[in-house]
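Structures follow.
What follows is a pair of complexes built around subunit A, which joins subunit B in one and subunit C in the other.
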Partner chain A sequence: MDHFEVFGLPRRLRIDGAELQRKFYELSRRYHPDFHQAAPAERQAEVLDASARLNAAYRALRDPISRIEYLVRLEEGRETKEGATVKPKAPPELLGEMFEIQEALQEAKASNRSDGLEPGARETLAAQRDRLLARYRDEEARLRGPLSEAWDAGGSAERSRVLGGFKDALATRAYLRTVIDDIDQALGEAGEGHVSHRRH
Partner chain B sequence: MSRIVGIDLGTTNSLVAYVDDKTGQPRVISDRDGQRLLPSIVSFAGEGVLVGAAARRQLVRRPQSTVYSIKRLMGRGYEDVKGELRYFPFKVLPSEGIVKIEIGSREVTPPEVSAIVLRSLKERAEAHFGEPIEKAVVTVPAYFDDSQRQATKDAGRIAGLDVVRILNEPTAAALAYGLQRLHEGVVAVYDLGGGTFDISILRVKDGVFEVLATNGNTHLGGDDFDRAIVRWLLDEIRSGHGADLSPDPEAMQELRLAAEAAKVRLSTDERTPLTIPFDAFTYSREITRGDLEGLIGQLVDSTLLPCRMALADAGLAPADIDEVVLVGGSTRVPLVRRRVHELFGKTPHSQLNPDEVVALGAAVQAHILAGGITNMLLLDVTPLSLGIETLGGIVSVLIPRNTTIPTNAREMFTTSVDGQRVVDMHVVQGERELAKDCRSLARFELSGVDPMPAGMPKIEVVFLIDANGILQVTATELRTGKAAAIEVRPTYGLAEGDVDRMVEESFTYAEADVEARLLIEARNEADTVITHVERALRQGEALVGAEEQQTIGAALDALRRARATEDRELIREATTAMNRATEHLAELMMDAALKAALASRRADQVLEK
Partner chain C sequence: MAYSEKVVDHYNNPRNVGSFTKDTPGVGTGLVGAPECGDVMKLQIKVNLDTGVIEDAKFKTFGCGSAIASSSLATEWLKGKTVDEASKIKNTDIVNELKLPPVKIHCSVLAEDAIKAALADYREKHVADAEASR
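== the complex of A and B ==
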């Protein structure tokens, strides 16, 4: 049973979040081990498994991006392998800028300053980070918006093309995330909630 | 289903509670003297064991054999705790794996010490219900890792309790506040206890308490406030009296108790006198709330980063929080309240007694498990990412932090050498990329693999984190469908055989004569009083007349004689008489100390001008 089937849903990306939550709570009341304490051991093992599967399904589907990541794994027959995510890939048009950023980060690492950065370099990096963050958000908007809609509307030929689009966008997004986190770390802003904490 | 009680096994105090069948409300069970809190202190006094208030009275008298704040050592290794050992007067032995405490000629582990506290609560509940109690929900800090949870479960087993659920303290508190007091929405529970700090963010909706994220520090609490005060007092005494008290365990314990008491008073008073009689001199000064806040400011601020991280993990901003709940005795400190208020911009809830709310919530969860409540459901999370060590010491995360539990992950393993029959796995918990920076939970050894060329066997390993937040591992060889044998070697835990032995030993203790224990307690109390009176006489003799000196001397002789007998009642009476005879002297000494403190303050003020 895949995560969509757990909730009785078709393999589509538009999901009403409130309705999904309501269903999750309803199924939790049915399968949570708390309500089966007096059941025989065999039944307890069953509900434990069902409850774990339900929690995994909700986690994968509640967020629109992780929903797409799951869909890609499912379509490629890798659905049981948790954590097998798309490999980060630099978007070709940004390669020049990326080279500059990596160089600045290397310099920051090598320098002896306590905060590792000259004020000027700091400003430049922060500006670059903000541009990448905007690009990151664009990539997410494209995944959630037009690409998801194309998947839901498309036939099988259209869908395999959209799947490729998902993978490219996820790869770019993963790459941007890494670079943004690296810059944040160099700027000493990691973990301060400047950008959303790296979520699993 | 048999009765299940709820137990808060705290760093400083422990409690037991149940849900009253008639009212449906949770209630704390008192002991015979009407005390609701059981101090989490165990004193190994010669041939017997004291627990709670009786053990507390031994803190100064027998510092090396009286164990407190044991929760800080649960599920830990020597390397984890060696930095704070200088604050403990009892001796923790350097060893591999689980820490051990040396008491006289024997060694005890933290689960055994906690078991003594749990057993006392079990007996308290049994006296209340007039029937055996065998099942309990026991609470732990939400940020406790697998080893710390397992140690708590082991403690229950040693005490003869089946721990049917390990429950997170902040979520327990949310359950206690319940549907009547909490509106639907997002709730932040800020729990600062004696030794641990937790922050949990929950969504409460349709009777479901869904934890969205949790964070914390299992080594931060009121104990650390006390230590900050003690360090400051030590410096003061060093410069004022030229005495270094740090090598003297009895003096350190006196300092700690006085610091703790002053901290508590400063939650209501702006300033408070601090008077500590030592053998050579009596130390007196006044301490203000401002002094205290200067000492603990950084510690309080260090709770704010975990709060922000939990919010980020939940994908929320402080303004998204609808209600804030305060839990734990340390949230009585006004500075803590101020900081929490500033962070969330809301006045926190504190209607329920912060010392009791966790036990009440544990009772509610116990009632849910017993089938007594069906409209409430708690969905909790695992606080730390779980992973396995792979090539190069890198961690491969299998279950990310803040995943709703129960949860599982599957991973395929194979062999790397032809004919290999055993496969090793190292399981860790934590957020760092290298295994050596994470918390080592256990090494698993899969054995009985059929000899085959390298890479041929397919072993599927399922890692399950159950509703207690505790890891269970099973393995299957996929070609044969045969379950693989797994040997677990917990890094900081007790092996199965150890727990069995401890269960047996504790039964022998349970059969020990109650009368004998009461006699030991009476004698210890007499010893404490004798020491105090001797010291008072040395320092305050000049304050009272010859006649009074004689009365006190006579009472002291009578008490020493009674102490030598086996007659518990006689010792008790003589102790009471001794206390009465010295009441006046104690008053005079306190006055003198206060006057001295006031005089020195006036001198300070004069100097400032």
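== the complex of A and C ==
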């Protein structure tokens, strides 16, 4: 059973958040272990499974972007069996641009003085970060808006094209996030309360 | 996560960091990225046009320790190989050498992609140069 099916939903991206939450609470009560204490052990185990599945499904579907990420994984899982996956591609110019930004950032950090970045460097970096953040938001708006609508409205041929679009946009978004986080880090700012996904 | 000794060594003392001018004859450039983590990797080879042997290789990677180590190791392996030999380097060779854990295998894939991209760029340019000089 996939996460959409847990909520009895079709594999579409337009989901009413309030309605989803209402269903989540309703099903949470139905599968709450406390209400099944008298049931046979086998039934109790089933309920526990259902409850875990429900939580995972809600986590994946409640946010529109993570919903798209889940949809891509779901569709890919199905498609790999047929041997046809679309490799995510960020535009090559973007890669070049990200590389240049990282290089400049490294230089700015190398000339870092004890009292912080070179005069002017901080402002330049902050301005650059803001431009990148605007593009990041544009990319998310494109994912949530036109691309999601195209998925919901499209037939199967259209859908495989949209799937490629999702992957490219998610890839672009990931690159932008990384470089934004790196600039934030260089500036010594936490950056929008976003928990960095970077590893090191 | 605990990195293997070899990863730590390459990370602390990366070999062959830097870059060649893209348009230099015999230079092939590969620029690749891993969208899952936002890493970018540039790997370049410098081929002796008479012998077809890779004389030098350089890289610059912005990413995690494993990505840096994978590309650092790749440049070491590339030097002294012919272009054909170089195309046989596989990501699994890198995984084995660096003892990369499963979650870091994509870093080695990235390095293999970078090698392939650099070789393809070299071949493309080389053919174009040969035709131009005819």
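Just so we're on the same page, the second predicted complex is superposed on the first by the 161 of 200 C-alpha atoms of A that agree within 3 Å, B and C clash if a C-alpha of one lies under 4 Å from a C-alpha of the other, contacts with A are read in each partner's own complex, and residues count from 1 in each chain.
Just so we're on the same page, contacts are C-beta pairs under 8 Å (C-beta built on N, C-alpha and C of every residue); 3 or more make two chains touch, one makes a residue touch a chain.
Not measured: the values here are computed from a predicted model.
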{"item": "First (subunit B), second (subunit C), both or neither touched by A:125", "value": "neither"}
{"item": "Residues of subunit A touched, compared between subunit B and subunit C (which is higher)", "value": "B"}
{"item": "Partner chain(s) touched by A:68 [first = subunit B, second = subunit C, both, neither]", "value": "neither"}
{"item": "Touched partner set for A:174, first subunit B, second subunit C, both or neither", "value": "second"}
{"item": "Which superposed partner A:96 touches (first subunit B, second subunit C, both, neither)", "value": "second"}
{"item": "First, second, both or neither for A:108, with subunit B first and subunit C second", "value": "neither"}
{"item": "Subunit B versus subunit C as contact partner of A:13, first or second or both or neither", "value": "neither"}
{"item": "First (subunit B), second (subunit C), both or neither touched by A:58", "value": "first"}
{"item": "Touched partner set for A:147, first subunit B, second subunit C, both or neither", "value": "neither"}
{"item": "Subunit B/subunit C common contact set on subunit A", "value": "197, 199-200"}
{"item": "Of subunit C, residues touching subunit A in the complex", "value": "1, 31-33, 35-40, 42, 60, 62, 64-65"}
{"item": "Partner subunit B, residues of subunit A touching it in the complex", "value": "21-22, 25, 28-29, 32-35, 37-38, 48-49, 51-52, 55-56, 58-59, 80, 82-83, 191-193, 196-197, 199-200"}
{"item": "Residues of subunit A defined as touching subunit C within the complex", "value": "88, 90, 92, 95-96, 98-99, 102-103, 106, 170-172, 174-175, 177-179, 182, 197-200"}
{"item": "Interfacial residue positions of subunit B with respect to subunit A in the complex", "value": "1, 164, 205-206, 208, 210, 305, 308-309, 311-313, 315, 368-371, 374, 377-379, 385, 396-398, 400-410, 464, 466-467"}
